[in-house]
Amino acid sequence: MTMMAPLADSDLSAEAAAVFADIRATRQTEFVNNFWRVLAHDPVALKRTWESIRQVMAPGALDPLTKELIYVAVSMANSCEYCIRSHGAAARAKGMSDAQFMELVAVVAMAAETNRLATALQVPVDDAFKQV
Amino acid sequence: MTMMAPLADSDLSAEAAAVFADIRATRQTEFVNNFWRVLAHDPVALKRTWESIRQVMAPGALDPLTKELIYVAVSMANSCEYCIRSHGAAARAKGMSDAQFMELVAVVAMAAETNRLATALQVPVDDAFKQV
Amino acid sequence: MTMMAPLADSDLSAEAAAVFADIRATRQTEFVNNFWRVLAHDPVALKRTWESIRQVMAPGALDPLTKELIYVAVSMANSCEYCIRSHGAAARAKGMSDAQFMELVAVVAMAAETNRLATALQVPVDDAFKQV
Amino acid sequence: MTMMAPLADSDLSAEAAAVFADIRATRQTEFVNNFWRVLAHDPVALKRTWESIRQVMAPGALDPLTKELIYVAVSMANSCEYCIRSHGAAARAKGMSDAQFMELVAVVAMAAETNRLATALQVPVDDAFKQV
Amino acid sequence: MTMMAPLADSDLSAEAAAVFADIRATRQTEFVNNFWRVLAHDPVALKRTWESIRQVMAPGALDPLTKELIYVAVSMANSCEYCIRSHGAAARAKGMSDAQFMELVAVVAMAAETNRLATALQVPVDDAFKQV
Amino acid sequence: MTMMAPLADSDLSAEAAAVFADIRATRQTEFVNNFWRVLAHDPVALKRTWESIRQVMAPGALDPLTKELIYVAVSMANSCEYCIRSHGAAARAKGMSDAQFMELVAVVAMAAETNRLATALQVPVDDAFKQV
């Protein structure tokens, strides 16, 4: 088998099962999505990735919804269908409205256009932006 | 000449000059950055791009700082140095703190990692995410 | 028809059939995958691509499995599902274990994260790295 | 300031200084490159990233040079100059020869070409690759 | 609902319906594809995007088929399946032959390879190209 | 040395020198740009790449200027500065006007925006486009 199948709870190693317990406790839901079930084939990577994402997405100088909006936007820029859908659902759960979603999409697309314009035209960086 | 040099105010066509006037009035500063000065070689594109970005970035369901943070994040995902620097400066002007910037960067990088994991492992989309 | 359908053996031009014979002889299998069957609509491109890949992937300073691992890693970075699956299968055939596959994925994802960090933060290249 | 300047040793927080000490001990050199000096503005991110990369790049089912070659290849695919140069230097330090480097580059470029061909032609995934 | 479903004609706002009428008049067909039907959830974005694309794709210094070929090529480079298929169909409608399509694909793939080579090898820009 | 320096004519292997002679004869100029001078460290890759590009860019169902415009557009989409500049110069040499260049850039940027919209919104492919 080249590609790894999602693991059922009954197939988890002890270390992976402990991470799943923490995911369930943190998110307060029994549902564990396929991303973690595939990554569970490598329990060390599972634990490292889960702990990193929990740390990065915790409330800080940016609130959780803003962080989730940024996550969705980057997933769109990186063309990751799985991540657009899973983090889109997470943003919904944190309160993203339809109007906010459509505005997010508009900013992502507008940035794609002007990013490409700046690169295509090889626009020289202004001194004002170099100093900052 | 293959690449287009930024145009000085004195070299602008009438249509481009009108757009520059609107940029200055909207932003309340005399400074017009190189992006617009290069795009001014095509006044129709200049006008279309400026009016689109003004519309997209206007306050709406998302506040202007959140939109700017998303713009910066996407520019990072698209590896556009000019846009990282210019929209980074814009986000600063709208109030982004050092701590917010570093958290933004952490989310962008974390998303890049999990986007790649989901793609590399070809994780199947959960039924729960297909319904949404 | 916009998109090209994979060609059956009976639909090949003489030049394409000759390339298929070489693919079969080199790989020692009757199976020719869809990539070549679609490319066969342009026999010149088929021949050029096959001969290039045969040359690039031949044993050299790097062994065939290492080359295949690099090929899979790049296909993941480029988000090409077809190539992840086909070169993943090729790497398996050359001996890649489950553990090696999961470590490969971890390196690809980690690189994606630090690549993005370096770009997002516009880290200046150290003098030590410029000299090399 | 929008972009963060690399921090000198004298400007490090206690937590960042501890990470730098670990980097120096692990790598057995006094030199700490700019990537870590910029990331040191966020000591939590610095510690998380360093510990993750140390774990991912440790010897395992793949040897350290193979992991480094994959890291360089992915950095090339992601167009990250800083990472191409810094991990290129790391690969050299681990024994990569000129010939191995040029072969690595050839595989990365060949994969870029066939990745694009498969996507451009929307080649359907063979059943044989779906099963794996 | 996270992802937006394509809107039927009967579900359109007045502003969206006006844009659809213009799309139909311009293209001289009743068929309106899903791209516009999903974007219709945000009538302002729908109108802005349609008017921009109509302006950009109008005959000018480049003829409509050449513009469409460039559009398809960029969609391939950006790995956008929807756009490869929809603009591929548009290019067919404007006269693209099978042979032209296969040559287009070959150029896109060749550029992907040499783009990656130039980046991987960090080839310094020639003075001759800087002057232009 | 990690990165390879461009080779002077006096440092070329016999096989590389033969390729340079062919480049000069084909292009009818003594100037050989750095791309080939760096690639010359691997004469086999040099020969393969040069022969491939000469074949792909030869007149066919698409004329040489159209091919060059596509090459530039893809190089912009792939954010390759070297290639934007070198193939931009080549397009100029084949007759690309300022107006054509600016229209090319507009199409590349517009495609980037709608590519991203289609991906961000996960627009389902119309049946009409699947059939083709």
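Some notes on this structure:
A, B, C, D, E and F label the chains in the order they appear, each numbered from 1.
Following the convention adopted for this analysis, a contact is a pair of C-beta atoms (placed from the backbone, for glycine too) under 8 Å apart; a residue touches a chain by one contact, two chains touch by 3 or more.
Everything numeric in this text was worked out from a predicted model, so none of it was measured.
Listing every chain that touches chain C and chain D alike gives A, B, E, F. Shared residue numbers account for under half of those found at the interface formed by chain B and chain F, and the copies are therefore classed as meeting with different residues. Using CA-based centroids throughout, the chain positioned farthest away from chain A is F. Seen from the Cα centre of chain D, the chain whose own Cα centre is farthest off is E.
Chain centres here are Cα means. That of chain D falls 34 Å from that of chain E.
Mean C-alpha positions place chain B and chain D at a centre distance of 27 Å. In chain D, the residues touching two or more other chains are 1-4, 52, 76-81, 85, 88-89, 92, 102-103, 105-106, 108, 110, 112-117, 119, 121-122, 129, 132. Chain C makes touch with chain B in their complex at residues 76-77, 79, 81, 84-85, 105, 108-110, 112-117, 119-122. Taken together, the chain B residues at the contact with chain E in this complex read 1-3, 44, 48, 52, 55-56, 129, 132. Only residues 3-4, 6, 31, 33-35, 38-39, 49, 52-53, 56-57, 60-62, 66-67, 69-71, 73-78, 80-83, 85-89, 92, 97, 99-100, 102-104, 106-108, 110-119, 121-126, 128-130, 132 of chain D touch chain C when the two sit together in their complex. By the touch rule above, chain F contacts chain B in their complex via residues 79, 85, 88-89, 91-92, 98, 101-103, 105-106.
Every residue of chain B that touches chain F in the complex is listed here, in rising order: 2-4, 41-42, 45, 78-80.
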